[in-house]
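See the structures that follow.
You will see chain A twice below: alongside chain B first, and alongside chain C after that.
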Partner chain A sequence: MASNKKVLLKVIILGDSSVGKTSLMNQYVNRKFSNQYKATIGADFLTKEVTIDDRTVTMQIWDTAGQERFQSLGVAFYRGADCCVLVFDVTAPNTFKSLDSWRDEFLIQAAPREPDNFPFVLLGNKVDLEPRAISAKRAQQWCQAKNNMPYFETSAKEGLNVEQAFLAIAKNALAQQNQSVDLYNEFPDQIKLTNTQKSNGGGDSCAC
Partner chain B sequence: MSNISEWSQSAEYLSFRSNVPLRRIVVDSDDSKGWRIYDCGPKSVQSPLVCLPPVSGTADIFFRQALALSARGVRVILAEAPPYWSTKEWCDGFRRLLDYLNLSRVHLFGASLGGYLAQKFAEYTCSCPRVASISLCNSFSDTSIFRGNESAALYWMLPALVLKKMLMSNFEPEPAKDSDTVKTIDFMVEKLDSLTQSELASRLTLNCIRGYVEAHKLRDLPVTIIDVFNGAPLSSPVREELYKCYPQAKLAHLKTGGYFPFLSRSAEVNLHLLIHLRQFDNTPLASSEKPLINNSLPDS
Partner chain C sequence: MDELPSEVDLLIIGTGFIESIISAAASRIGKSVLHLDPNDYYGNQWGSFNLQALLDYNPDPSEPCDFRNKSFSLKNFHYEWLMEDQKEDLLKNSRKFNIDLTPKLHYCRGDFVQLLITSNIARYSEFRSVTRILTWLNGQLELVPCSRSDVFASQKVSVVEKRVLMKLLTSLDDILDSENTHNFKKFLESRKLSDNLVTYVMAMAGATEHTSLGEGVKSVKRFLDSLGRFGKTPYLFSMYGSGEIAQAFCRLSAVFGGIYALNQQNLISLDSEDNRITSLTTTKQQIRAQNYVTSLEQCSEKFLRPVKINNYISRAILITNKSILPSEQEQLSFLIYPEGTERIINVFELGSLTGTCPKNYYLVHLTSKQVTTPQEDFKGALGNLFSGSDQPQIIFSCYFSIPETSDLDFENVPENLFLCPGPDNDLDYNSSIQKAREIFEKMYPDLEFLPRAPDPEEIIIGD
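Up next is the complex of A and B:
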């Protein structure tokens, strides 16, 4: 029975706004790309079934809005994440500089049990554009310093390397899930309690 | 009725009960039959979210949705039906309730049996729609998945204790692992215990009597399917059957959470409900006073 237990992988995409997070997700799940920029609002997700080593795996991919940066996205959003995808735009140096803070943000919010072994994957997107500001070498160096984080150069526009990148993401997420127990047990009750107190504290929690 | 479970005594639940009055609304000629209603959030909203419980629950089991979503400006109504013995009768009753409350179209959130009835009601009113959208939680669209079909006709005469035992034996497929699921089950057992024989027997009858949803009539309806991937009440073939009924649905899987994730994983379920409801921002079918957008992540 255990072998046909269905697997759900939760993947979270983070990075500065307009690096191509939504485009990468749409290219991967719907094989669509639009040149039009439409700001993502709040958070949203798409699901896709994939087969990995004969196992059917459902990926739940969460996309965020860049403007949410450094604001708490909420426990529910990060809860149970199996892999975090960091994205930057290879033509925009600032988006590369932000990577450390996105990684920190994730580690603080998701609080994985073993932060050093939690799988991250880095995507350098928009490789179809010139001129490049961040070389592959520079990105790889950053990854090496981060416990050899896998690195992919992608173009959501051209569909370049997107499939390969998400396959690697799924494999890393799966490996993570196989060696860890249900993350939910790890979440301290305090998180829930603060929530509770908040909804009680404000007298306006129910306008009835 | 004794309230001894941890959640019945929690500040959160007590705050809900002390802020939101329980109303009894009679819409049948038999006035011993009353709907039990909690209505919270802005009354100016015409298309509220209406939550429908599973067999074992009372309306207040959705207190965590009521508190969190109404805090975001959503009008949330928790509705528990009096004993009805057929889906047709239930749908007629629910339509009269909406008429009474002056609600022309509502968003339905139903957990298991509640979800099935939500779909039946959408089907029942499809020529003159009363349903703006549906969110289903661990639900189904065909009762033939239950073993009780043959005996459903006899539930009305079984003692309450026997019915309760039948239900309780289903609560825990495997021992609950985390404290939220344990507390949820304690709370639900207590709620189950408060139900009368006819309440239980009628709901079990609705749950098990042969019936299915003609989902092809609902293809234009926005649907979100929330379900639990592992340790869930429904097997994956049953869940997949539901996905097939609603190819348009957004699939909101939770990794774990047992039978009643709206309690045990309320933050996640509420996030999915907000994502579902925000597509109606700035439309006549909005479930909240102000747009939910920009606002759609619980700031815990």
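Up next is the complex of A and C:
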């Protein structure tokens, strides 16, 4: 049964530079926030175990590593995503305008089997900042037109709604994977060259 | 839109395999790297394309520019639909294709696999085992036995031969010192191996009738050393095609601060003074770096004298409707096809499980040293493999020649400009990794080449 297997969910975060993609990941996984803006140095992917309906799943959240800055994310980045998180900055209208092209780019590059049902989640980040440029209503309208994409207003800085948003992301990713795994596993028997399994305590490694 | 930085340690132009390794290695040790590509895709001639993008591929853009060197572009690029009625269906599935210009295999214990593991870049890529190795003998396909048990299970090898072969394979180390003959095939024949066995061992070595004993033994050893690690054969293939590999190195570079900008069509010139490159001029700015790395393909003629390309690699890409040797499960086949006495055609047959083509189709790559033209070079092999009524049919074919640039030397190259050749005709990446390492060591002689990258959890985020 698929449910007995260890589940790994690949989640990718997209959006314009400096909307807070890396900060959201760090806040969620490490409960840390850094005000210094470094164009994503050292951010790769972070993993976190979450429990959904009594199932423990490992969520692997992939950062763009700054390659989005000059539209240079290669197709390899998009492979095998189970959920796509779109992020914009509620104080920067341009980052909201870019959402359509990020969504299109994802659908083109990742080429999911059922593009209409692929799970996206939208995060409007930096709600702790003023002045606000994009209202919640406007963001929700956009989401409605996109097959009722779930929308969360977050502050990576204050940790607001971050946990809830990622839980929804994990749920949607899992639902997507359940569907596709039940149909057929597209690429079984892949080989990972890293065969040393780390003995991770299995929980949150945050020591703060 | 953001501006590119105006000063970096290392400026790289081109995202081919060798440039990408150098980028990762330099970023990894803390150098600031700006990595540009005039193309809007990763990989140059090492890249992979969906079907539509392959049809649109234009090796010779009409407008000449300082960053497209026509001498090094693909030649003889030509494609054809042989079954026009399948075209629509295939183009609808265009994105399910990942078609390599330069497909490669990896020895399970080769330098490439080792480098991916030691540098921790392995986390960005998945692989599949080549499931069987085939060769062509007496007008038909033969399975090459790949392990002790394969050899012993084979009905084509007699008990006596099995003993002779095992003895031979276990004593390879001593052979080189003790033999008089310098020819690999003559040596095998002198050991009283049957034609079958000679063919198998020749296939393991990828040897022709002209291969020297030393080369042959080295290759067979490499083959045998890589057995029993992953899967049934010594070879791995990259999921979604070899084009993913350059991107994995670029990702590592980006994670360590490398800045990426593809589709840079506003580059004007690399400026030099006193035999050093001083800056890159674009339509918007000047960018200075201590060192410059560029692919030959994207390097101006003015730094590359003399240009004299002696050898080309013949390539063919086919889409077919079934396997050359159908079996119950989908196979990933590597066929070593001896063509005449001095040439081997390497044939990879990839099914949908590799993520390079849709279900119910096969993607077939043929690669060989070029003798005349790709069409002529593969004519015999294609005739033997794809013309009978029970054989697979070719739906689509594409041919081109890749200039073999790995052994070129240029005079008076500016001292801080490092040139990366394009793909070679080897089965694997070993020589290219070596080339990348050499360039890295010239720039940064005392620094470590791709030490293990920390896992994400090991990176502590500062407050």
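What we mean here is this: the second predicted complex is superposed on the first by the 166 of 208 C-alpha atoms of A that agree within 3 Å, B and C clash if a C-alpha of one lies under 4 Å from a C-alpha of the other, contacts with A are read in each partner's own complex, and residues count from 1 in each chain.
Throughout what follows, a residue touches a chain if its C-beta (ideal position, glycine included) is under 8 Å from a C-beta of that chain, and two chains touch if they have at least 3 such contacts.
Computed from a predicted structure; not experimentally measured.
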| item | value |
| --- | --- |
| Which superposed partner A:Asn178 touches (first chain B, second chain C, both, neither) | neither |
| Which superposed partner A:Ser17 touches (first chain B, second chain C, both, neither) | second |
| Which superposed partner A:Gly74 touches (first chain B, second chain C, both, neither) | both |
| First (chain B), second (chain C), both or neither touched by A:Leu8 | first |
| First, second, both or neither for A:Ser34, with chain B first and chain C second | second |
| Which of chain B and chain C A:Asn26 touches, first, second, both or neither | second |
| Which superposed partner A:Thr51 touches (first chain B, second chain C, both, neither) | neither |
| Which superposed partner A:Asn148 touches (first chain B, second chain C, both, neither) | neither |
| Touching both chain C and chain B, counted on chain A across the two superposed complexes | 41-45, 47, 72, 74-77, 79, 189, 191-192, 194, 198, 200, 205 |
| Contact set on chain B toward chain A in their complex | 10-12, 15-16, 19-21, 39-42, 66-68, 70-71, 177-180, 229-230, 236, 251-253, 255-256, 267-268, 270-271, 274-275, 278, 293-300 |
| Complex contact set, residues of chain C against chain A | 1-2, 4, 41-42, 95-96, 113, 116-117, 120, 122-129, 230-231, 236, 239-240, 244, 247-248, 250-251, 254-257, 259-263, 353, 355, 455-457, 459, 461-463 |
| Complex contact set, residues of chain A against chain C | 17, 26, 30, 32, 34, 36, 39-47, 65-67, 69-72, 74-77, 79, 108, 111, 187-194, 198, 200, 205 |
| Partner chain B, residues of chain A touching it in the complex | 5-8, 10, 41-45, 47, 58, 60, 68, 72-77, 79-80, 182, 184-185, 189, 191-192, 194-200, 202, 204-208 |
